[in-house]
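One chain, subunit A, links the two complexes that follow: it is found with subunit B in the first and with subunit C in the second.
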Partner chain A sequence: MGAITIDSLTKRFDDVVAVDDVSVEIEDGEFLVLVGPSGCGKTTTLRMVAGLETPSEGAIRFDGELVNYTVPQDRDVAMVFQDYALYPHMTVRGNLKFGLEEEPEYTDAERDERVEEVAELLDIGNLLERKPGELSGGQQQRVALGRAIVRDPEVFLMDEPLSNLDAKLRAQMRTELQQLQSQLDVTTVYVTHDQTEAMTMSDRMVVMNDGELQQVGAPLELYHEPRNRFVAEFIGEPSMNFIDGQRGTDGFESEPLDYPFDSTVESSVASLSDGDRLTLGIRPEDIELYDDAADVTEGSHTESMTVTVVEPMGNENVVHLSYDDATARGDDLIAISDGLRTIETGAELDVRIPPEAIHLFDGDTGNALHNRLLETDEQPITQ
Partner chain B sequence: MGTNETTGPSATEEGVGWQTKFRYVLNSDFVRSAPFWAVPFAIMAVAVYGGIGYNFAISLTDNNGTIEPATFSNLDFEMYFQALSDPNVIQAATHNLILLVSFTAICLVFGLFLAIMLDRQIRYKETVQMIYLLPMSLSFVVTAQLWLWMYDTDSGIINELLGLLSLGPIDFIGNPEIALWAIIFALIWQFSGYTMVVYLAGLQSIPSSQFEAGMIDGASTLRIYLRVIIPQLKASSVSAAVVLMVFALKAFTFLYAMTGRYFPPQGTDILATLMVREAWQYNNWAYSAAIATLLLLMALGVIAPYLYYQYREGSL
Partner chain C sequence: MANNGSNFDIRSIVDGMNHRRLGIYVFVTVFIAFFLVPLETGIMTALKSTEAINRSLPFLPPGGDGFTLANLELALEQVQRGVINSLLMALPATIINIVLASMAAYGLTLVDWRGQIGVLLLFVAGVFVPYQAVIVPLARFWTHIFPITEILSPLARLVLVEPYHLELIPLMITHVAYGIPIITVLFRSYYKSMPKSLIEAGKIDGKSVTQIYRDIVLPLSKPMFGVVFIYQFTQIYNEFLFSKVLIGSASAQQATVTLILPQIGASTSGLDYGLRMSAAFLAALPTLVLYIAFAEQFAEGLKTGGA
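And then the complex of A and B:
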């Protein structure tokens, strides 16, 4: 019904390549999130699926049928715009009804019935006679959603629909959208720059950068097994720590840190020779912090570091650490500790980077060479 | 007002002498800002409202060229009764109305059409916009002369072109049946560029997502314009219409320049030309003043709905 195939899709605006050779298969009923920084081509991709832009190269197929040159009117898609694009001169009822009026098989009474049904579903039944200008941002958002739902399309397209809401409302709408989508079971392509939204809402997510597809997969797969440094850095908040260095005789060498590899790690970087550039990555929550070196129970991989800044979040503390003394400006590592633990700025801590949690990236290409070990999967993941 | 509140008496009103009260008055924002608003206000009061009042006073007299000097005894509304039963005045007012309605309506529709065409094909917008707007920068005197030549029966370009189709020649200006329409056409040529620019600005303030939302909703281009885009141009339409109507009432210059006499081409007499003719050709000062007052009422009739609209929208 609503399966979409995107095949080698490329879009050029004059000589700027906005989308570069992107291929994704979207299953019927799937919630797919396109995520990436500003200008990465995610919105352009969405607009090509909607039919608002024509691809320069490649193909878009709905259920196997080529739709590259089909006008949006004939695609049976509905879209929620970032600015909602509600018709300001019409009431909410008029806004919801406008699309239905294009479908001749309904009678006017049926249209009204459908509008009221959707309004009830979204809890905006009491706002039907108001104009969009008289609604709050959250209510406008619901009307925009309603306008998409009311026509019962094959595909929902959403272009950063939550970016104009405040943080609390955004979290609430996120949940609601997810519930709605699974209830309606309609294929949804959702564009956002917010990795939290992407992680929490999607069945699968597509990470894009500079018009190129970086990785496609389930949220946790991308989190634990990023294919390259960009994905590793983009997914997760705070970001993964990266230390640039090189391959040494018995492990990773860099100015602040020498890090010997154990056998599993060694096997995945066996192809490298000494002196090859290498980047070590570690997620903040995997870093272990000890007040006293004597508390370190397991092996080595421990360094003494100075705390430069502590950001208490309540449930956790974000701890900025430096290899130098506290006067140093730059942070070498960011770690997360338990919220109840008291850590003072300027304190000296013993910091352990557990070998099973490290990621290694090629220093030149950024491709992942080694990803962290997962308890469920003892096999090292290699590319 | 802020000054008043901060320096105002706290609770003991009776303990304040008249000097203090006077100082409060002098210190109020109203008085202190007087140098800025009072001067233009005074000039306008005398020049505009004083002029209107004086004109109205004259219209109540029986002044004409035979009574010297003007007297203000025997004030009555005789001139108004005379004007309202004068077929010349009725005819001129009818012409005014035709000019007002058809010129404004056609200008708006044509300007909107141009603006939409231009908005869809943005590439040479600057140049095209200039070309259409240029006629508006010309004086009425110039356009009147220009169109007089173009309409000329013997050598005018329009009749030359009609001649190629073996039509005509048509005496556009000489024929009282079509002279008014010929003039309306010339005025439309001059002002549709202005309407276009107003609409173009309106169109460009509508985000393109409105159009895209309409497309996604399945509406055809025509329907998107009719149902989504044009209804949002209401403010542009109102402001353009008011300017056009005011210009329609001011068409005197155009008509006067066509003949250079107090008599405009036959069939095109409007209240303004009639008024000037009565005043300066026949010295019927009081009668002319009465016509002027009627013209003012007509203009107010045009402006009042606009002011009411602005008031209702809260921008007045």
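And then the complex of A and C:
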């Protein structure tokens, strides 16, 4: 019932291309998250699905039916806005009922009943007679959600609904939203700039940048098999480390680091010739830190580095590392170590970059040439 | 800093009183007096007998037997008719004017359609058409081309409607038409600052353009209505030129207060200042009452970035 097809969607505002040739299939009941930095076109895409903007090119289909020029009220969608957009002059009850008034299949008593029911579901039953101005941010958020749910639409559209909440409440609402969505089983398109939200909530996520679609897939797929450097950098916190260099005779060469390839890596970069620009990527949690070079058991791939900053997070430490010879400074590396391990600022560590965990990107286009190997490689990663 | 508790510390005041500060106090006092003396003089003159006016300084209060309320009573008698006519004309004109202007501003600001900038420019141009430029065509229009008073004359048979009331209608419509551009522009700037997501939420909730106006925009424009109501009512109530052109004589039954006022207290033997001042204050009373009644909304409207 709520399947959406977005086909070569483009939106231009005068000279600015906000959304550039985006195509996504959204299944019925799916929780799809559009994620990207601000100005990447994710909100514009959502607004086109809502019918608040008209596409310049391309098509939006709901269950196969073209809706490009259908007005929002005929699309059977509900939207949660970033600023909640609660009507300040109406009570919570009025806000919830407002949209319901246009649904002809309800009698007035049924509408009241439905409002009560949704208010109970969201635990705002005791706030019904208050005005939005008298509610806390979290309560307003619930009312905004309630206003979307009450109409029982085919599609929920959410535009950064949690961005105005404090961190703790946000994490709580994240879980609640997920539960609610699976309970109601309504197709949901959710826009956020927060990759954590995208990773934790989505069935599939769409990464966008500069109006262009970068990659679509399950969260773990995007995490482990990013299609390009942008996705690799955007997904994951702290971000993946990148070292810019070039293809050398027996591997990767850069000023701070020479990194010989093993056979699996070699095969994926075989088409490159010496001197082609390359970027090596490694996730912070994959970097191995040794106090003593003697502990390193497997192969080489080890460099001596100095700890510049340690950020203790409790369960883990985020360790900032720089190369010994400060003159030849490349990018710093960021690594994650166990929270119980004591690492002092200024300490010298032997840092191993395991070859099975590295990603390689084309230095010019940023496209992924090689992604890390996974133990679970037998099955493709899906959810 | 008081030395011992309750003692009023004069020394700190004297110490703080340097030349600069003294200068500021003197400056402020002079200006307050400069602005308030005319008003005070007016009130005093209104309460003095003619003899007292001639003998005492204008701004001094009336002494003992110089005090009289006769001026006010006489002025009320003469000005009453004009005030009622003006209210009959200005209240509906203001209300129709601001409701229409608010609708126009909504259509020009919060609804998207092709060519709205062109229409908006027409409204803006309307703000700059001078009154003097239109008085001749206006008078001809209402008498020869569209004699609305004659067309509506059957209405005069209704209860409470006198034939001369109908004579106020051309003036009323003229004021509505003339007021719409500026009020539209004011409403537009208010609507532009309104969060767009409220309108969009309405759209998604399945509301039509009209319903969004009635259920969302109109209730949220209340503070702005307060502001423009006061502004526009004052404009229309105090306007003279259109009244002069469309009604003409102060002796006409439908004469507005601005036509009657210049006649009061004028005679061959000179001006009766006391009577004149009393009439002026009585004539100003409705606008004053309005300011007090709407003061709260007025302040809120200004605060929320309207006018």
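Heads up, the rule we're going with is that the second predicted complex is superposed on the first by the 370 of 383 C-alpha atoms of A that agree within 3 Å, B and C clash if a C-alpha of one lies under 4 Å from a C-alpha of the other, contacts with A are read in each partner's own complex, and residues count from 1 in each chain.
We adopt the following convention: a contact is a pair of C-beta atoms (placed from the backbone, for glycine too) under 8 Å apart; a residue touches a chain by one contact, two chains touch by 3 or more.
Since we're looking at a predicted model, the values are computed, not measured.
**Student:** On subunit A, do subunit B and subunit C fit together or clash when superposed?
**Tutor:** Partners clash after overlay.
**Student:** Of the partners subunit B and subunit C, which touch A:290 in the superposed model: first, second, both, neither?
**Tutor:** The answer is neither, since A:290 touches no partner chain.
**Student:** One more residue to check, A:89. First (subunit B), second (subunit C), both or neither?
**Tutor:** Touch status of A:89: both partners.
**Student:** Report for A:81: first if it touches subunit B alone, second if subunit C alone, otherwise both or neither.
**Tutor:** Both partners, subunit B and subunit C.
**Student:** In the superposed arrangement, does A:242 touch subunit B (first), subunit C (second), both or neither?
**Tutor:** Touch partners of A:242: none, neither subunit B nor subunit C.
**Student:** Touching A:72 in the superposition: subunit B (first), subunit C (second), both, neither?
**Tutor:** A:72 sits against subunit B and subunit C alike.
**Student:** State whether A:99 touches subunit B only (first), subunit C only (second), both chains, or neither.
**Tutor:** Both partners.
**Student:** Hey, what residues of subunit A end up touching subunit B and subunit C alike?
**Tutor:** Subunit A residues touching both partners: 50-52, 71-73, 77-79, 81-83, 85, 87-89, 98-99, 102-103, 147, 151.
**Student:** Over in the complex, which subunit A residues touch subunit C? Could you list them?
**Tutor:** By the definition above, subunit A touches subunit C via 50-52, 71-73, 77-79, 81-83, 85, 87-89, 98-99, 102-103, 147, 151.
**Student:** What does subunit B use to touch subunit A in their complex?
**Tutor:** Where subunit B meets subunit A, its residues are 207, 209-210, 212-220, 223, 227-228, 231-232, 234.
**Student:** Within their complex, state which residues of subunit A touch subunit B.
**Tutor:** For subunit A paired with subunit B, touching residues are 50-52, 71-73, 77-79, 81-83, 85-89, 98-99, 102-103, 147, 151.
**Student:** Looking at the complex, which residues from subunit C come into contact with subunit A?
**Tutor:** Against subunit A, subunit C makes touches at 195, 197-198, 200-208, 215-216, 219-220.
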